[in-house]
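The following pair of complexes shares a single chain, chain A, combined with chain B in the former and chain C in the latter.
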Partner chain A sequence: MKKLVVIGAGMATGRALEHLFETEPGAWDVTLFNAEPRGNYNRIMLSPVLSGEKTYEEIVTHDADWYEAHGVTCRFGEKVASVDRDRKVVIAENGDEVAYDKLLFGTGSNPFIIPLPGHDLDGVIAYRDLEDTYRMMETAGTPGAKAVVIGGGLLGLEAAAGLRMRGMEVCVVHLMGHLMDRQLDEAAGYLLRKALTDRGIEIRCSTNSKQILGENGKVRALELDDGTEIPCDLLVMAVGIRPNVKLAQECGLAVGRAIHVDDQMVTSDPDVLAVGECVEHNGAIFGLVAPLYDQAKVVAKTLTGEHDSFVQREVSTKLKVTGCDLFSAGDFADGEGREDIVFRDPARGVYKRIVIEDNKVVGAVMYGDTSDGNWFFGLIKDGTDIADMRENLIFGPAFQGGTPLDPLAAVAALPRDAEICGCNGVCKGQIEDAIAAGATDLGGIRATTKASASCGTCTGLVEQVLAVTLGDDFVMPASQSICACTDMTHEDVRRMIKSQKLTSMAAVFQECGWKTSCGCHVCRPALNFYLLADWPLEYQDDPQSRFINERKHANIQKDGTFSVVPRMWGGITTPQELRAIADAAEKYSVPTVKVTGGQRIDLLGVKGEDLPSIWYDLNQAGMVSGYAYSKGLRTVKTCVGTDHCRFGTQDSTGLGIKLEKTLHGSWTPHKLKLAVSGCPRNCAEATCKDIGVVCVDSGYQISIGGAAGMDVRETTLLAQVATEEEAIDLIKAVTQCYREHAKYLDRIYKWMDKVGLDWIQDQVVNDLESRQAHVYRFELSQSIYRKDPWAEHAKKPEKYQPLADLTLEAAE
Partner chain B sequence: MTDWIDIAALEDVPQRGARVVKTRFGCLAVFRTAEDEVYAIENSCPHKKGPLAEGIVHGKFVTCPLHNWVISLETGLVQGADEGEVITCPARVEDGRILLDSTFLTERAVA
Partner chain C sequence: MMDTVLDAPTRTFIEVTEVWVPKDGRLVLANGNYGALDDFAAVSGQESFGPGEGLPGKAWAEARPVVLKGFEGSYFKRTDAAKAAGLTSAVAIPVFAGDILKAVLVVLCGDDKNRTGAIEVWAENDGLLMLSDGYYGAARHFEWVSQHTHFPRGQGLPGGVWASNTPILMRDLGSGYRFIRAESAGTAGLTTGLGMPIPVPGSKTFVLTLLSARGTPIARRFEIWDARKAKVGHAREAVLIDGICAREGPLWSGETEKERRVDAWQGPVGKALGSGLPVVESGTPALAAGYESMVALPIWHGPELAHIVAWYC
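On to the complex of A and B.
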C-alpha cells in the first residue's frame, strides 16, 4: 500500500481524501495529523453554531466511523514538529516518525491578530475554530456581557450577528468606509449596515482602534483613535487570515505568500502536494470554499496518477446571517470600458448592480433579493454574450417583457409612522386615514391634517401619498425632479433626509431610488448641502460633490486661474493687512487687484498651484478665507456707525464684525450677503441684502429677502428688536431656518416667496423657544464648520500641484 | 507594444476627482472614478477651454466647471446637445500605480 501522510484535517484535505478513497479504495495507507483535537468538520458552518441555529454534531463532516472505515490513522491533537524530505518522514511532536510516499500539506491559515497594545489580554480572541466559537458562546452566557468585533468583513459580521443572537451587546469596529468593502460596493454596504443596526448591532465604520484596555489581565474595553472607549467582556478580531506556512518553510519548500503549487497542486518537491488556504497558485491565495474543493479534486487525481489541472475560477460570496440576503461575485470595480446597470427598490430594500464589459457580465452585487445571484454568477463564469437580453438583464432570468419602474416606489415604501410634514408633525398614516375618510386632493389633506399647510415643502410627498393610496383616481400635478437621476423633487428629498434620518449619500441614493450609481453634477452638490445642513455631526462633507470654487476655496476665472479674497471683518482693515495683501500681490504676480462690492479686496488671476502659498502668506498676517466663492456667508457690509458718523444711532460696524465672526464658515442654500446700516439713511444699502439690519434709536430693524442681482428686490421687515444680542440671535435663527428648509440654489427671497413671511416669523420671531432651538442647531453646525479652510489646505500644498511634469521626458 | 509611464500612486488622485499632468503639448487631466477606474483626457473643454480637472466627476463623465458641458472620460465626446471632443490618452492602473501611454505623450500633440 502506498503511504500518504496528511497534515491538517480541514475541509480541503477532507474533500481530497473523499475523492481519493472513491477512486482508489483500499490503495492508500493514510495518516492524518491535526492540531485541533478532532477531525474534519464544516468550518464555514461555525456561524450557525455560534448563533445557536446548529450544533457541533450537525456540522461534523467525517466522524470516527468514517475514518475507521477507510483505515485512516488519526493523530488528532498532535502537531507535526518537522518534515525530513530527504528521508521522506514526518516527525511528530512526541518524536514519532511516520514515513510517506506522498505528503499532503493542508495546514490552512492562521487568523491575523493586529498587534495592538493589549492584544494578549484574556478575552481577546480570533474567530477561526470550534474553540473560539465555544469561547464566544460561553461569554455570551453571562447576562449583560458586551462584545466588540474588530473587522466588518464576512467573518466579523457573522461573529457579530451570532453574538447578538445570543443576547450580547455587540459593537463592530471597521477600518474602511463601508462594511464588507472587499465584496460589496457602498450602496450594498449601506443596506447591510442598516439591517444589522436594526438588529441592535452597533456599527462604526472608518474607525481606527488604538489599544485594548484591560483589568486584572482581562479585556475591559477597546479604545479608539479618537479616545472613545467601548466597554467589552470579549473582543473578537476578525481582520483576515494569513496562510500557515511555517512548517513548509522550515522543510525548505518554495514559499511566497503561501506554499507554491503548480496546476497539479504539487509543490517544489514532486512528492509533496498542498491544498487549501495554505497554497499559492499563480500568485493567488484562497479563502473561500469553492476553489478549495476544486483543488481537492485535482489533488486526488494527481495522487492516483491521472492528469488534471486546477483552474482558478470566479468566486461568489454570500453572507451567512439569517435575514441579511447579500450576494457578490466577480469584479465590480477597476477597469476601463465598463458599464453599470443599477436597480433599486426602496420598498423591499433591494439593490442590484450588474457590471458589464464587452457585452459580458463581469461582476454582480445584490442585496435584499439574491434569488437571481446564481444565474448572474453563471453568466459571469460562462462569459455569456448578453447583448440581446441587456435591456431586461437586471430583472433576472424569469423576466419577460416589462413595465417601467414605479416612480412612487420610495413613498410607497415608507412606514405609516414616517413623518411627512415636519411643520405640523403629520405622519404618512394620518394622511392615509384622511384619504380613507374622504380627502381626495391636496386641499382636502391640508384642511383635515394640516400636512403641507405651513411651509409647503412637503407638498410633493403628500401628493405622492395621495397617488399611491388613490391610484388612478389622483392625477399628479407635474413637478420638477432634481435631475435625471431621480423622479423626486428637492423638497421630497429634503423631507426624506429628515424624516428617514438619511445621513449619507449612499442612504439617499438607495432610499429615494436613485437611477444612477453615484449621482451627477446637479444632484450631488444639492445632496451634499442638504446632508451637511441636516446632519452636521453625522455627515462628512464630500469635497468631490462640490463645485470647484468650494472644493478649492477660490473662485475659478474664465482662463482657469483663481481669485483670492481674504476676509475683512465688517469691512475694517489695517495698514498691516493692506501691506500683506500688497506683498502677496507682488510676490505672486497678481495681474488685477480690485476692491469688491462687499468691502474687501480681490486678488484676481492667481495660478492654481500658487494658492496654498498665497493663503499661507495671508494667514501669517492674520487673515482668513473670505468665502467669496461659497454658497455660504459672504460679507457683512457696514457703515461707520456711531464711531465716526454724526447721524449714527448704534455701533453698526461693531455689530457687522460680530455677525461676520459668528456666521462665517456656515454653508447655506445659496450665497448669503448681509449689511448693517447705522441709521435709516442706510449707507450700507442693507435693504437690498439677503439679510439687512437698519439701526434706529430704539434698536435694530431686521429685514430679509432683498436682492440686487438678476432680480432686484427690497427686503421685508422680519422684526424689530431692542438689543444687539437679540439681533444676533434672530439673524442666526433665520439663517438656520433658511438652511433647514430652502431648496438648494434658492436665495432667501425665493424661499420667502414659497413659504411666506408669516411662516418664517412663526418659526423665529413669535415663538422664542423655537428661535432658541434654531440658534442651538446653528451653533451645533458651526462647531464643525466655523473654521478657516485656507489654513487647512495650506498644510497640503501638494494637492494643488500637477500630479507629474512630463514636459522634459516628452521632449526626449 | 505600448510603453507605459508610471505617473503616480492611485491614491494621489481622490476618488471622483482629478489631477493635472503637464506634458510638452499641454496639460492632461487624470481622473479617478468612484470605482477606481483611471482616465486621462486633455485638460481643456472644447467650449471655452475650461480646466476639466476641476470639474465634478459622476460615473464616467466630468462636468466642466465653467459652463457645465458634460464630457465622457472614456471617449472624450461631449454629451447631450453640445458638440465637441477632447483628446483621450490611454491610461491604466497596475499595482496601485497610474500608468499613461508614453508613445501618446511623445508622438501625439495635445492641444
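On to the complex of A and C.
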C-alpha cells in the first residue's frame, strides 16, 4: 500500500480523501494529523452552530466510523513538528516519525489578530474553530453579557448575528465605510446594515480601534481612536485570515504568500502536494469553499496518477444569517467602459445591480431578492454576450413577469406612521384615512388633515399617497424630478430624508428608489446638502458630491487658476492683514488684486498647486477662508454705523461682525449674502441682500428675500426686533428654516415665493419656542461646520526654505 | 443526533390537528388528523363556526393566534366531546394572506403529567416580545419562567423570528431558554424549537413557537421551506432551507450541494404551496421517511406565500 500522510483535517483535505477512496479504495495507507482534537467538520457552518440553528454533530463531515472504515490512522490533537523531505518522514510533536510516499499539506489558515494593545487579554478571541464557537456560547450564557466584533466582513457579521441570537448585546466595529466592503457595494451594504441594526446589533462603520482595555487580565472594553469606549465581556476579531505556511517554510518548500502549487496541486517537491487555504496558485490565495473542493478533486486525480488541472473560477458569496438574503459575484467596482443596471424596490428592501463591460456581465450584487443570483453567476462565468437581452436583463431569466419599476414604490413602502407633513405633523396613515373617508384630491386632504396646507413642500408626497391609495382614480400633476436618477422632486426627497431618518446617501438611494447605483452630478450635491443640513451629526460631508469650487475651497477661473478671498469680518480689516495679503500676492505672483462688492479683497489668478501654501500664509496672519466659492454664507456687508456716521442709529459694523462670526461656515441651499445698514439711508444696500438688517432708532428691521443678480428683488420685512441679541437669534432661525426647507439652489427669495412669508413668520417670528428650536438646531449644525476649511488643507510652503523667515523670503 | 430523535414517544404531544376554512361566511372543517379519537372527529365534522364563535371563530375575528387551556365554561363549542376524548387544551392559528383569512389551523392536546413540550404565542408589546399565552403540558416551571421572559428583536428564537420575519428551527435554545433549561435540570430538556411568524392584518406582531422535548416530541421531523419569489423566482416551487429528522438526520443542504425543491402540488408540502392552505395528512403511505402523519402550515407575507413549515410524527 502507498503511504499518504495528510497534515490538517479540514474541508479541503477531507474532500480530497473522499475522492481518493472513491477512485482507489484500499490502495492507500493514510495517516491524518490534525492540531484540532477532532476530524473533519463543515467549518463554514460554525455560524449556525453559534446561533443555535445547528448542532456540532450535524456539521461533522467525517465521524470516527468513516475514518475507521477507510483505514485512516487518526492523529487528532497532534501537531506536526517538522517534515524531513530527504528521508520522506513527518515528525510528530512527540518525536514519532511517520514515513510517506506522498505528503499532502492542508494546514489551512490562521486568523489574523490585529496587534492592538490588549490583544492578549482574556476574552479576546478569533473566530475560527469549534473552541472559539464554544467560548462565545459560554460567554453569551451570562445574562447581560456584551460583545464587540471587530470586522464587518462575512465572518464578523455571522459571529455578531449568532451572538445576538444567543442574547448578547453586540457592537460591530468596521474600519471601512460599509459592511462586507469586499463583497458588496455601498447600496447593498446599507441594506445589510439596516437588517442587522433591525435585529438589535449596533454597527459602527468607518471606525478605527485604538486599544483593548482590560481589568484583572480580562477584556473590559474596546477604545476607539476618538476616545469612545465600548464595554464588552468578549471581543471577537474577525478581520481576515493568513495562510498557515510555517511548517511548509521550515521544510524548505517554495512559499510566497502561501505554499506554491502548480495546476496539479503539486508543490516545489514532486512528492508533496498542498490543498486549501494554505496554497497559492498563480498568485491567488483562496478562502471560499468552492475552489477548495475543485482543488481537492485535482489532488485525488494527481495522487492516483490521472491528469487533471485546477482552474480558478469565479466565486459567489452568500451570508449565513437567517433573513439576510444577499448575493455577490464578480467585480463590481466602477471603471472606465463599465456601465451598470440598477433595480431597487424600497417596499421589499430589494437592490440589484449588474455591472456590464463589453456586453458581458462582469459583476452582480443583490440584496433582498437573490433568486436570479445563480443565473447571473452563470452569465459571468460563461462570459455570455448579453447585448440582445440587455433591455430586460435586470429582471432575470423570467423577465416577462419582472416587476416593472414603479415610480411610486418609495411612497407605497412608507409605514403608516411616517410623517408626510412636517409643519402640521400629519402621518401617511392619517392621509390614507382621510382618503378612505372621501377626500380624493389635494384640496380635500388639505381641508381634512391640513397636510400640505402650510409650507406646501410636502405637496408632491401627499399627491403620491393619493396616487398610491386611489390608483387610477387619481391623476398625478406633472412634477419636476431632481434628475434622471429619480422620479421624486427635491421636496419629496427632503421630506423622505426627514421622516424616514435617512442619514446617508446610500439610504436615500435605496429608500427613494434611485434608478442608478450612486446618483449623478446633479443629485449628489443636492443630497449632500440636504443630508448635512438635516443630520449634521450623523452625516459626514462628502467632498466628492460638491462642485469643484467647494471641493477646492476656491473659485476656479476661466484660465484654470483660482481666486482666493480671505474673510474680512464685517468688512473691517487691519494694517497687518493688508500687509499679509500684499505679501501673499507678491510671493505667489498673484496677477490681480481686486476689492469685491462684499467688502473684501480677492486675489485672482492663484495656481492650483499654490493654494495650500497661500492658505497657510494667510492663516498665519489670522485670516480664514471667506467661503467666496460656497453655497453658504458669503459676506455681511456693513456701513460704519454709530462709531463714525452722524446718521447711524445702532452699531451696524459690530452687528455685522457678530453675524458673520456666527454664520460663517454654514452651508445653505444657495449662496447667502447679508448686509447691515446703520440707518434707513441704507449705505450697505441691505434691502437687496438675502437677509438685510436696517437699523432704526427703535431697533432692527430684518427683511429677507432680496437679490441683485439676474433677478433684482427688494427684501420684504420679516420682523422688527428691539435688541441686537434678538436680531441675531432671528437671523439664525430664519437661516436654519431656509436650510431645512428650501430646494437646493433656491435663493431665499425663490423659497419665500413658494412657501409664503406668512409661513416663514409663523415658524420663526410669531412662535418663540419654534424660533428657539431653529436656533438650537442651527447651533448644533454649526458645532460641526463653523470652521476654516483652509486650515485643514493649509501646508507650510516647503519649497520656500521652511526654516527661513517667510516674510523676508517673500519680500526678496 | 438531537434530543427529539433519541427515543420513540409513547404518545404524541399534539393529539388532534384540524384545518378549518371559510365557506359562505363560516368556518368549516377541511381536513384533520384525529388519530384514534373517532367520536371527536365525528362531532367536529358536523360543526361550523362564524366569526367570533368557538375557538376557530375567535382566532378569525380577533385576527390572532389563540391559546385555550380548560374548555369547561369557556367559549369552546365541543367541550363534551373533547372531554370524552381526554383533550384539555387547544391552540388556534389563523392563516392570513394579507387581510384575507385563508384558514385556521387548530391543534388540540391532552393533559398529561408526563408530557413536556410547549406551544407558545409571543406578542409584541412596547418593542419587546412578551408571552401572550402558551400550552406547556407538564412543564409548569417552564411556563412560569416563560411568562416572566421577554425577547428584544434579534434575541433568542422568538426575537430571531421577529427580526428576520422567517421561520427558524433551533437545535439549541440559547437566550432566555438557556436559563430555563438550567433551572429545569432533571426534567426533560427542551432543546429543539420551531419558531414562525404568524402574520395578521394590521400592525401587530405574533410569533408562534413549538418547543420539543425528549421523550414527548411535538414532532420527529421538522422542515422549513422557502417559497418567496426573492428566493425561488417565478417558478411555483419551494426550496428546503432547514430541517431535521429522527430517521434521516439533518435536512439542510451544504453550500456546494444541490438544494431540495418541490413544485406546487407535488406531495403534501407542494399541496400547501399550491393551495396556500394548511395541509394535514395521516395514514398516507407516501409521507417522507415513512412517518404516519404530517402538518404543513403556509406562512404568507401579505399577498405572497412566503414559507411553509412542516412537522411529521
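Observations on the model:
Simple rule for what comes next: the second predicted complex is superposed on the first by the 787 of 812 C-alpha atoms of A that agree within 3 Å, B and C clash if a C-alpha of one lies under 4 Å from a C-alpha of the other, contacts with A are read in each partner's own complex, and residues count from 1 in each chain.
The rule is short, and it goes like this: a residue touches a chain if its C-beta (ideal position, glycine included) is under 8 Å from a C-beta of that chain, and two chains touch if they have at least 3 such contacts.
A quick note: this is a predicted structure, and the numbers were derived from the prediction, not measured.
Residue contacts after overlaying the shared chain place A:543 against chain B, while chain C stays out of touching range.
Residue contacts after overlaying the shared chain place A:338 against chain B, while chain C stays out of touching range. Once the two complexes are overlaid on the shared chain, A:783 sits clear of chain B and of chain C alike. Legend: residue contacts after superposition of the two complexes on their common chain; A:723 is shown touching neither chain B nor chain C.
Touch criterion met: A:525 reaches chain B, while chain C stays clear of it.
By the touch criterion defined above, A:517 lies against chain B but remains apart from chain C after alignment on the C-alpha atoms of chain A.
Contact with chain C, but none with chain B, is seen for A:143 once the two complexes are overlaid on the shared chain. By the touch criterion stated above, A:560 is placed in contact with chain B alone, chain C being left untouched.
Residues of chain A that lie in the contact sets of both chain B and chain C are absent, per the superposition on chain A. Interface of chain B with chain A (complex): residues 5, 7-8, 12-17, 19-25, 27, 30, 34-39, 48-51, 54-59, 61, 63, 65-66, 68, 70, 74, 92-93, 98, 102, 105-106. On the chain A side of its complex with chain B, the touching residues are 186, 332-338, 340, 516-521, 524-525, 543-549, 551-552, 556, 558-560, 608, 802-807, 809-812.
Interface of chain A with chain C (complex): residues 42, 44-45, 51-55, 57-58, 137, 140-141, 143, 161, 164-167, 198-201, 289-290, 293, 318, 322-325, 348, 350, 368-372, 396-398, 401, 416.
Those residues of chain C that touch chain A in the complex are listed here as 1-2, 152-157, 159-160, 163-166, 168-176, 178-179, 203, 229-235, 242, 244, 249-250, 252, 254-256.
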